[in-house]
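Take a look at the structures below.
In the two assemblies presented below, chain A is common to both, partnered first by chain B and then by chain C.
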Partner chain A sequence: MNFSWDLLLNAVTSGIMLGGFYAAVAVGITIAFGMLDIVNIAHPAFMVLGAFLAFLSINTLGIDPFLSALGFAAIAFVFGRYFYRAYYHFFERRGDDSLQGLAFFFGIMFIVEISLVLIFGVDYRLIDLPYLATTYEIGIVQIPLRLAAPCLAGVAMLVAIQFYLSRTFTGRAILAVAQDLEAVRFVGADPIRTKEIAFGIAMASAIVAGVLLIIIQSVEPSIGREFIGRAFAICVLGGMTSLPGTLLAAMILGIAETMTSTFFGPSWSPAVAFGLLLLTLAFKPSGLLGR
Partner chain B sequence: MTALSPSLSPPARRLPKPFSWPVLVAGLAIVAVEMTLGAQVSEYYLLLAYIILQYVVLSTGWNILGGYAGYVNFGTAGFFAVGCYTTIALEKLAAVPLPLAILAAGVVAGLIGLGTGYLTLRLRGVFFSIATLALAVVLQTLIVNWSFVGGSRGAYVMRPDAIAPFASYVQYLLVVMTVLAMVAVLAAIAIERSWIGMGLAAIRDDELAAEASGVPGLRLKLLATTLCGAFMGMAGAPFPYFITYVDPPSAFSLAIAVNAIAMPLIGGTATWWGPVLGAVLLGFTQQVLTVTISSAANLLIVGILLVVFVTVAPTGVVGITRAWRGRRA
Partner chain C sequence: MANSITIEGLHAGYGAVRVLTGIDMHVASGETVALLGTNGNGKSTLIKCITGQVRPTQGRVLATIEGKPHDLVGRATQDIIGLGIAIVPEGRRLFPKLTVEENLLLGAFRAAARPRREESLAFCYEAFPRLKERRAQLAGSMSGGEQQMLAIGRSLMTLPKILLVDEPSVGLAPILVARTIDTIAEMKQRLGLTVLMAEQNFPQAIRIADRGYVLVHGRIELSADDPQSLKNSDIVRRLYLGGA
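Moving on to the complex of A and B:
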């Protein structure tokens, strides 16, 4: 462990950039788990699916991943709506969505992961974007575009979703569903349809996060499991239902992880999220910006 | 949270005794069969029986928490690996006999379960589930970084020579696992038929109401979590001697993570024999399928079965047969 100021400054900078990407991963968990009370532990698996879709689209069709992300997100939105409808039909309607619902998502996570293994094998895949190869240097701080662009895209997505939730009728209905399901009916919004749309958004965000993931690092099918702890830690630390809280918590986790990997070695960084999750649950279960 | 009020304890004549003699006799009979036939049949059958019994221990352990209390433990592979690596660490230090290693593994894994439960069980159940998912990742990180037990390279374990009444060490492992499975099932039955099981069932159905009627919720949940972790750890303790080379991917295996959940849910979580049935059915099918198709495709089938069962038949095979018999009667 050798300490120096430029190491620290670089760790914080790349931590913030990583945090922007983590925000993109966690925003769907905040919507599904925090607002809709659906414990979608398969979210990171869908993210990895998104990463492999981006890999396919650039290597076989030559489509830029940022562009294909939009197309995939649209498909994922529709898929997410039907997925929620099925989940509602089988679990929420019956009222036993705790044990069976959790096992259901665990099974889905497993099916996605093993399918990817069967199709792509267990090798690490990476995409190479020439226009992101540059690294800006501001003083002693290095800003690689390969990290900065996904960060900006992730934060932009979170801000866009936040605007949608706070400014449109359906968006406000989603926020209302998180607070009081019955009251939503009184103001003339269909709670099931509202939750469908919200889950569709969450699913779309998972796919977009996956595209960002394969720009940042190489991806193999089971890498999603490392992100379950991260995404839920961010969601809980951020206060469950708050998107600004999610962004703040994502930044905190990003910085904590890069600090750990700079000063203790990168192999320890997956443990940081778990520590953060346990500390939050033990000392501040309401989170930073929770109600 | 004081002792259970007397009104909750069941009238003794209506419930079967907590200790199940038939299971003990059946277990001893299986041991006797293994002792007489074990030296004659091909080693493949011994390995097959070992794997299935290992799954009986894992799914019974899972069901003590998952089925009786309704708290989902996703970290089975982590607890199993803790058992594996306890044995490896002990083996590196001294020649520890296997039963002692199993006990040590049970204590270590049980304490990890207790710690995780203590930090998360006072909140909603999903937080415990998420914590166990993350726990498996963290434990794997720890093992990968711990070079004493082999780190990411893995560790070779020498199988000791055969011990006196047994023809081979594999036969010895099989008998040990049979006894372990018997103990796990007996413990599950004892819990199911005692006030502990009733308290856990009350928690599963309505935690607030259970607490209000005097069920010591947190303490019962912690007991179940500890037992669950301990059995999973004990199931993992003989594993290094079984495969003789352990690396993190084989100890934290995907197969164990999914099977420990799929087996009780497919068998049925309400009774002790649901997980046993699930373990035997799924374990046997998978061993047959692994020979014919790849092991990844095999796990895909387990995953699909799990999803199909929780959506269409949430009471499992036991529930289906009960409903079917009920309709005929």
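Moving on to the complex of A and C:
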């Protein structure tokens, strides 16, 4: 282990930038799994779908991925609503959602992955945005725009969703539906419609996270699996239902991973998420900002 | 404007179990009607038939809101709340991990209540100063009495015309039961509500009731047009006062 302040500061900086991206991935898990009790392990697979959509849009249509992300997010929102309605109809309504629901999402994950393999092949793809090639240097700290921009976009998305949840009627109903589904009816809200909207938001966030992913690193169809454990660990560490907690946990995981890979070698960094998960479950099961 | 509830020939149950048989009942505009009976006689089921949580096997549930008649059978609970019928449910059913203010604001979800949410919130805080003090606290961390106030406040945030109250005394200390009953009477007075209250605490309930029905084994055994005749009835004496 070689220690230097230079390495430490750069590890923390890139950890924060990575954390912003992790926040974008985990926000949808916090909504679907933390708030709606839907074990959507296909979430990262949908993220990879978003990555390939961004790849297509810039290479065939020449549309900037940040711009197309908004369009894809809108489509994904509508798709997510129908997707939840189907899930509700076939599983939740019958009370079959625990194990069968998990199997369902496992299947969806494979379907998405295999479809991507059939269409795009198994090669790694990357998009190159010339305007993100700049790297800012502040003293000894390097900030590549290619990592900083996705971080900012991810954090902005989380903050926007948090505002929506805490300031709007439907948003508050989403927070409430997680606690007492039937009681939501007593204030005049339809719990199923509320969950539909929430799942739509989660789906849209997955697609946006995918657009950010392919800006950061090269992507192949099954790469989403690397993020399943991380995203769920962030959700639990953050306190299951708290988006500020999710952001904080994402930053902690990002920094912990870059520190680990800087000082102990990259092969250790996948273990960090599960290490944090185990520590959380052992010492603070309610998570960092769990209510 | 008239706000009333009429129930005609209502039968309801759960699966093969019959809970209510042939209920006929009326709550006229501006009245406070007590639905009395000991545990397990069908009071809550009757309230749930009005709120759409239990679907009657037979009979009609009609509500008139501001002079407009509505058939409630077959409607979803949220749509019934949307008409202007609020419920303070049994067990309060607050959102324990949301703050007091978030719980109250959720009450203003229905379209008619949204534009007046600030006004309604100010009303609740004025009526329940305790809730104002604790506005940022999680609902689940409050005492039983405070939670009952919050449940009443949340129901008022929907700007109801008709208020249904299901067993407000359950789980409260006697002093708080009296206070809760007083609060319901006060809110009814101030907001001009029509109130139907299911309650097993007979002496408390008739303090504020204009009329009452006594439910025994799923039937209306007594329909009394004034509190005095309720108090003097043999059935009530047998059920509550242990007389022969």
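Throughout what follows, the second predicted complex is superposed on the first by the 291 of 291 C-alpha atoms of A that agree within 3 Å, B and C clash if a C-alpha of one lies under 4 Å from a C-alpha of the other, contacts with A are read in each partner's own complex, and residues count from 1 in each chain.
Throughout what follows, a contact is a pair of C-beta atoms (placed from the backbone, for glycine too) under 8 Å apart; a residue touches a chain by one contact, two chains touch by 3 or more.
Please read these numbers as outputs of a predicted model, since none were measured by experiment.
Novice: If chain A is used to align the two complexes, do chain B and chain C fit next to each other or clash?
Specialist: Fit - chain B and chain C, as placed by superposing on chain A, sit side by side.
Novice: Using the touch definition from the top, say if A:273 reaches chain B (first), chain C (second), both or neither.
Specialist: In the superposed model, A:273 contacts chain B only, not chain C.
Novice: Where does A:222 make contact in the superposed view: on chain B (first), on chain C (second), on both, or on neither?
Specialist: Only chain B; A:222 stays clear of chain C.
Novice: Please work out whether A:241 is in contact with chain B alone, chain C alone, both, or neither, and reply first, second, both or neither.
Specialist: After superposing on A, A:241 lies in contact with chain C but is clear of chain B.
Novice: For A:169, is the partner it touches chain B (first), chain C (second), both, or none of the two (neither)?
Specialist: In the superposition, A:169 touches chain C alone.
Novice: Pick one for A:281: touches chain B only (first), chain C only (second), both, or neither.
Specialist: first
Novice: Does chain B (first) or chain C (second) touch A:102, or do both, or does neither?
Specialist: A:102: touches chain B, not chain C.
Novice: Is the number of chain A residues in contact higher for chain B or for chain C?
Specialist: Per-residue touch count on chain A favours B.
Novice: Please work out how little space separates the C-alpha atoms of chain B and chain C at their nearest point after superposition, in whole Å.
Specialist: Superposed model gives a least chain B-chain C C-alpha distance of 19 Å.
Novice: From the superposed pair, tell me which chain A residues show up as contacts to chain B and also as contacts to chain C.
Specialist: In chain A, no position sits in both the chain B and chain C interfaces.
Novice: Flag every residue of chain A that touches chain C in the complex, lowest number first.
Specialist: It comes out as residues 166, 169, 172-173, 175-176, 179-180, 182-191, 241, 291.
Novice: Mind pulling up the chain B residues that touch chain A in the complex?
Specialist: Checking each residue of chain B against chain A gives 66, 70, 72, 74, 119-120, 123, 125-127, 129-131, 133-138, 141-142, 144-145, 254, 258, 261-262, 265, 269, 294, 296-297, 299-300, 302-304, 306-307, 310-312, 314.
Novice: Chain B touches which residues of chain A in the complex?
Specialist: On the chain A side, the touching residues are 33, 39, 41, 90-91, 96, 98-104, 106-108, 110-111, 113-115, 117-118, 222, 225-226, 228-229, 232-233, 236, 265, 267-268, 270-271, 273-274, 277-278, 281-282, 285.
Novice: Quick check on the complex: what are the chain C residues that touch chain A?
Specialist: Touch residues, chain C against chain A: 51, 53, 76-78, 81-82, 86-87, 89, 93-98, 102, 105-110, 113-114, 138, 154-155, 157-158.
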